[in-house]
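Here the chain labels run A, B, C and D in written order, and each chain numbers its own residues starting at 1.
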Amino acid sequence: MAEVVLSTRGITKRFGAVTASEDISLDLRAGEIHAVIGPNGAGKSTLIAQICGGLAPDAGRVEFLGRDVTARPVRARARMGLARTFQISALAMEDTVLQNALLGALGASGRPWRFLRGVLTERSLRDRAEAALARVGLDDVAAVRTAELSHGQRRLLEVAVALTLAPRAFVMDEPMAGLGSEGSERLTTLLGSLRREAPILLVEHDMDAVFALADRVSVLVYGRVIATGTLDEIRADPAVREAYLGDAA
Amino acid sequence: MNREAMLNAAVLLALVAVPGWALWAGEPFTITLATRAVIFALAAVGLNIALGLGGMVSLGHAVYFGVGGYAMGILAWHAQSYTPLVEALAIPGTKSMPVIWLVAVISSALAALVIGVLALRTSGVYFIMITLAFGQMVYFFAISWPAYGGEDGLSIYVRNGFPGLNTLVPVQFYGLCLMVLLAVLALNWRLARSPFGLALNAARQVPQRVETVGLDPTRVKLVALVISGAVTGLAGALFADLNRFVSTTMLSWQMSGEIMVFVIIGGVGRLFGPVVGAGLYVILEHFLGDLSDYWQVFLGLILLAVVLFGRGGLVGIVAGRARTHG
Amino acid sequence: MSPILIAEQVLNGLQFGVMLFLMAAGLTLIFGVMGLINLAHGSLYMIGAFAAAAVAGATGSFLLALGAALVAAALAGAIVELVVIRRLYDKDHLDQVLATFALILIFSEGTRWLFGSFPLYLDIPDWLSGPVTLPGGIQYPLYRLALICVGLLVALGLWLLITRTRVGIRIRAGENDREMIAALGVDIGKLYTLVFALGAGLAGLAGALVGAIQSVQVGMGEPVLILAFVVIVIGGIGSIKGALVGALLVGLTDTLGGIFLPELFKLFTDDAAGATATGSAFASMAIYILMAAVLVWRPTGLYGAKA
Amino acid sequence: MNMKTLLAAAGLAALTAAGAEAQVKVGMITTLSGGGASLGIDTRDGFMLAIEMAGRDDIEVIVEDDQRKPDVAVQLSDKMIQSDQVDVLTGIVWSNLAMAVVPSATAQGLFYLSTNAAPAQLAGPGCHPSYFSVSYQNDNLHEAAGAHATNAGYENTFILAPNYPAGHDSLNGFKRFYEGGLAGEIYTELGQTDYAAELAQIRASGADSIFFFLPGGMGISFLKQYADSGIDLPVVGPAFSFDQGILQAVGEAALGVNNTSTWSKDLDNAANAAFVEAFQETYDRLPSIYAAQGYDTANLLLSAMDKADIDDTEAFRAALGEADFDSVRGGFGFASNNHPVQDIYVREVIKEGDIFTNKIVGIAMEDRANAYTEECSM
């Protein structure tokens, strides 16, 4: 079995009387796409926040690259190579596409404390940013203001920024959200090719994409993982059929 | 050359031409007035680094302005009264502008660091109010602290010196202030395009994104606030030298409001916005003040009009929406 | 220092806090519902005081004067909301700060234009003047006791308004979800005008009540405004409960700090006059230090929503 | 656009009595807007009244508003010196503004005649032969209050003032001539409007009298709250809190309070009678001490113009020093540091019809100069 890159061990999070995450244990192995699916309100966003560092779990651990990162902030996990994308694009809308990609490259370089040199004259940053844009097919709009991009292009830029970090694992929060069928297909192809670079923890609503991409699937309902397995195992799981797929079908 | 660049060039030309015009027209006081505008512009350029680039709405920039002013006042007062600045170490005061500037920059940067560490724990309206409140705290302290004149302030009889210049000649002092302003504008221009500027710009728009690429947006903002405070502090030292006087009014919250007014009526985030804003304010203050004792009513109406109808301040009205750094 | 003196100072702190609450409640309500930061709130306080002084001068009735203060400030608030503030809701805080700063200039100098530069006369009515003796032998001005009562009654009234009435439900809905309230068919424009006028009226009432024992003059609103900001930052912006707790904390800190800090400094030095001056200097900073401490502990105030 | 045409359009011409033949140009910097404007307006009106009554056309007065901001005052003085080329500056109400303007103005060879502010620095080491205070020395009224407290036999006075330099000077000035003990000494916050805490301390202190210095709105607040506190002790203060403009806002609360002043509208001399009558007629209100000081300053200047040419600095200084004019304060002369020698009176607040005003009840100090003559080496 491939090596485990990212994992949660029994993480639990409560907000008052509501349990948003209950004893969740997941792992992401090298080379795979592991999809997390579940109905609205199942606790997917809370789970991502705990994996990436925005929220501290009440109990349990998060491990990345074999180290316990539970107490580390978002940026420390990012520096280790944990790259996330946002459900609602978090891009600097006033800036150009290239500048957004450069920000990722700058973060990866870890050297933002340079005040007088033009950022565009830094060859290494620029190469890295342009390579990431080329990878997602946005190189021809590099000079365009991000606010002028189409929704689909912004989803691609989200992925490009994540790519500049030279990630060891991706965490993607509904990358297909709001895309038309054409856009979804394009992104699906892209993500499929990305798994060779780093495994992807894919939280997604779009079942077509999940079925096309996922090596394994975990089903999250009311803050609990009720099943984890291959697509076939999940399809066959009675609990999943009852709680989720049954309703959806 | 786009319209904003043309406007900037025109402003630059006007600033350089002022002394010539003043001497030709026999209005020497115009030079003093222009010096005031240039120094206010410098203070506002400082705020614009925090506000325009970093999105930090600081309503407490009078602190840095005043700290810079008091750096000048205290150093020069000790030099003028031949008393040591630090008794134990026998460090004397000084009347040399370069030294005073250095002290003003360092002390206002330190003030910005302390205030920033606390204030940047908050954001949005809390940030506005906590900076305002820190300003009040420093203001009340300065008023009731008896050592350096309190509300009476400190008067310096002769303007401080700069090597190679006679700063008492209005034109020479104006030229000096203008050079400082241009140097800081150049710095501001480079800053906006630097790696740090990129990170700061992103920290203003999407702090969560900055965090997820492995950078600390709060620390980026803190450094920007420190630079901003240092520039405004330098302006404070020059302002005190212009008036040969420093007092607690430089620390008042109205001063903070005025510095912010310069930036906003000029154009937030525009390189020359603060310069245009400060110039306009000084002109309005001068001429409206002659028109009516109640001139501030008209100033208020003009400000309202700029906010309600003039998106992007005066530079925005002339040059359209695009931002300078892009 | 005798227990009676301390008790009296605590009452003074309470009274100050309760008056601050009247200012802070309006500010925090306006911010909570409309997301607006209003620097001109102090001007409404001033308008209340001037209206009260004018009406008291003309009619001699204190109650009429209070009513006039409430109405004038609420009316001024409503007009300002309709003409200016309404255009600021979808702008950022920066524009709001500048626009309401401009309003301060207009109101202050406009008032001076109308009423002149001299302070106006407003006094407490005979039936509320003079001290009363409280249990324990404390001599305390009746008017200040009345202020505490009025302030607490207003706090109770606000609480009832917000929790028990239709308007209150709408206000709370407006705080939580602007779109939902529009979807419910409530005229959101009218609601905003109403909330703004309510906040303005409270500020005007505070101005009139305080004006009777202080000086009714141009610029009287700004120092109170800044204190009210401190109050709502401590309490948590948008929270009425926070405003009350914050106001009482600030009132007590300011009053007791002013008394005890100079005494404290006297313990450490023989220079009594110097200690008094230094102690007073620190006392004037006390509430800001309190605020900084609260924010370090809880960045969104005591009762503020988590960011 | 030309600045001069704008100045003319601004109606400043109305304030200047014929510019063309003017021999002396006066720059008046005073507070005409914002808080404290009433003091500057009275100063200006008193000063202009004197010139109008003298019917002089050889003097031009340029009036500008300092907004009570030191930096604006400095800027105005630079403008008046550089552009308008005035000979004399005057009009500043506040000590901190005076400290910002006066030293550099006199250093540049101008005369400065103070209509009000007269800080200790300018009376002692910082004195200058071209600087004349026509009002008083800042400590004078406080010293007189101390002398009055001593004369009245007070033995345990509670004293308070705001925590800023003028406040410290005030309490020190009071103590200089007060021989009794102190029941308490407190510094309040500058701009404070609520004095409940201080009143409670006074009540608990066992004081037999109160001295306070709280200018402007602070004094109004203090007196109203004092009257309502039920404390019934004799109160003394300097004239600033009992000025004509302020008294109407204090109302009944001020009745019977003693205050020290260099002037009162009921002072019995011909110059004063003429001044009070003309002021009321021209401006339809009672004059204040600031108006009286402005009026005296203008008359001093006019008297010196009759004796010497302003371009002859030495002669003009000497002419000013003679103080050869009819002061509304009666006897008036200059001490060696160019500050007044004059009687300081005790007034009591009374009600005349519907108007609250002062009447003289005694003299606190006769021919008082000031405490700083020794320190001035001119």
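Rule of thumb we're sticking to: a residue touches a chain if its C-beta (ideal position, glycine included) is under 8 Å from a C-beta of that chain, and two chains touch if they have at least 3 such contacts.
Keep in mind the model is a prediction, meaning the values are calculated, not measured.
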Response to the item:
Touching chain B and chain D alike are C
Worksheet item: Using C-alpha centroids, which chain lies at the maximum separation from chain A?
Response: D
Item to complete: Please report how many Å separate the Cα centroid of chain A from that of chain B, as a whole number.
Response: 43
Worksheet item: Using CA atom averages as chain centres, what separation in Å is found between chain C and chain D?
Response: 35
Discussion item. Need the CA-centroid distance for the pair chain A / chain D, whole Å please.
Written reply: 74
Worksheet item: So, what's the distance in Å between the C-alpha centres of chain C and chain B?
Response: 32
Worksheet item: Residues of chain A that touch two or more other chains: which are they?
Response: none
Worksheet item: In chain D, which residues are in touch with two or more of the other chains?
Response: 33-34, 37, 163, 168, 187, 189
Fill in: Multi-chain contact residues (two or more partners), chain B
140, 143-144, 146, 294-296
Item to complete: Give the pairs of chains that touch; include all such pairs.
Response: A-B, B-C, B-D, C-D
Item to complete: Enumerate the contact residues on chain D facing chain B in the complex.
Response: 2-3, 6-7, 10, 12, 32-34, 37, 64-65, 69-71, 74-75, 78-79, 82-83, 95-96, 99-100, 103-104, 107, 119, 163-166, 168, 187, 189-190
Worksheet item: So in the complex, which bits of chain B are touching chain D?
Response: 25, 27-30, 32-33, 36, 140, 143-144, 146, 149-153, 155, 157, 170, 239, 242-245, 247, 249-250, 287, 289-291, 293-296
Worksheet entry | Residue ranges of chain C touching chain B (in the complex, touch as defined) | 31, 37, 84, 87-88, 91, 93-95, 97-99, 101-106, 108-110, 112-113, 222, 226, 229-230, 232-233, 237, 277, 280-281, 284-285, 288-289, 291-292, 295-296, 299-301, 304, 307
Worksheet item: Okay, in this complex, where on chain C does chain D touch?
Response: 1-2, 4-5, 8-9, 12-13, 15-16, 108-109, 112, 116-121, 123-124, 129-131, 139, 141, 143-144, 210, 212-220, 223, 255, 258-259, 262, 272-273, 276-277, 280-281, 283-284
Worksheet entry | chain A residues touching chain B - in the complex, by the definition given at the top | 52, 54, 73-76, 78-79, 83-84, 86, 90-96, 99-100, 102-104, 106-108, 110-120, 122, 125, 145, 161, 164-165
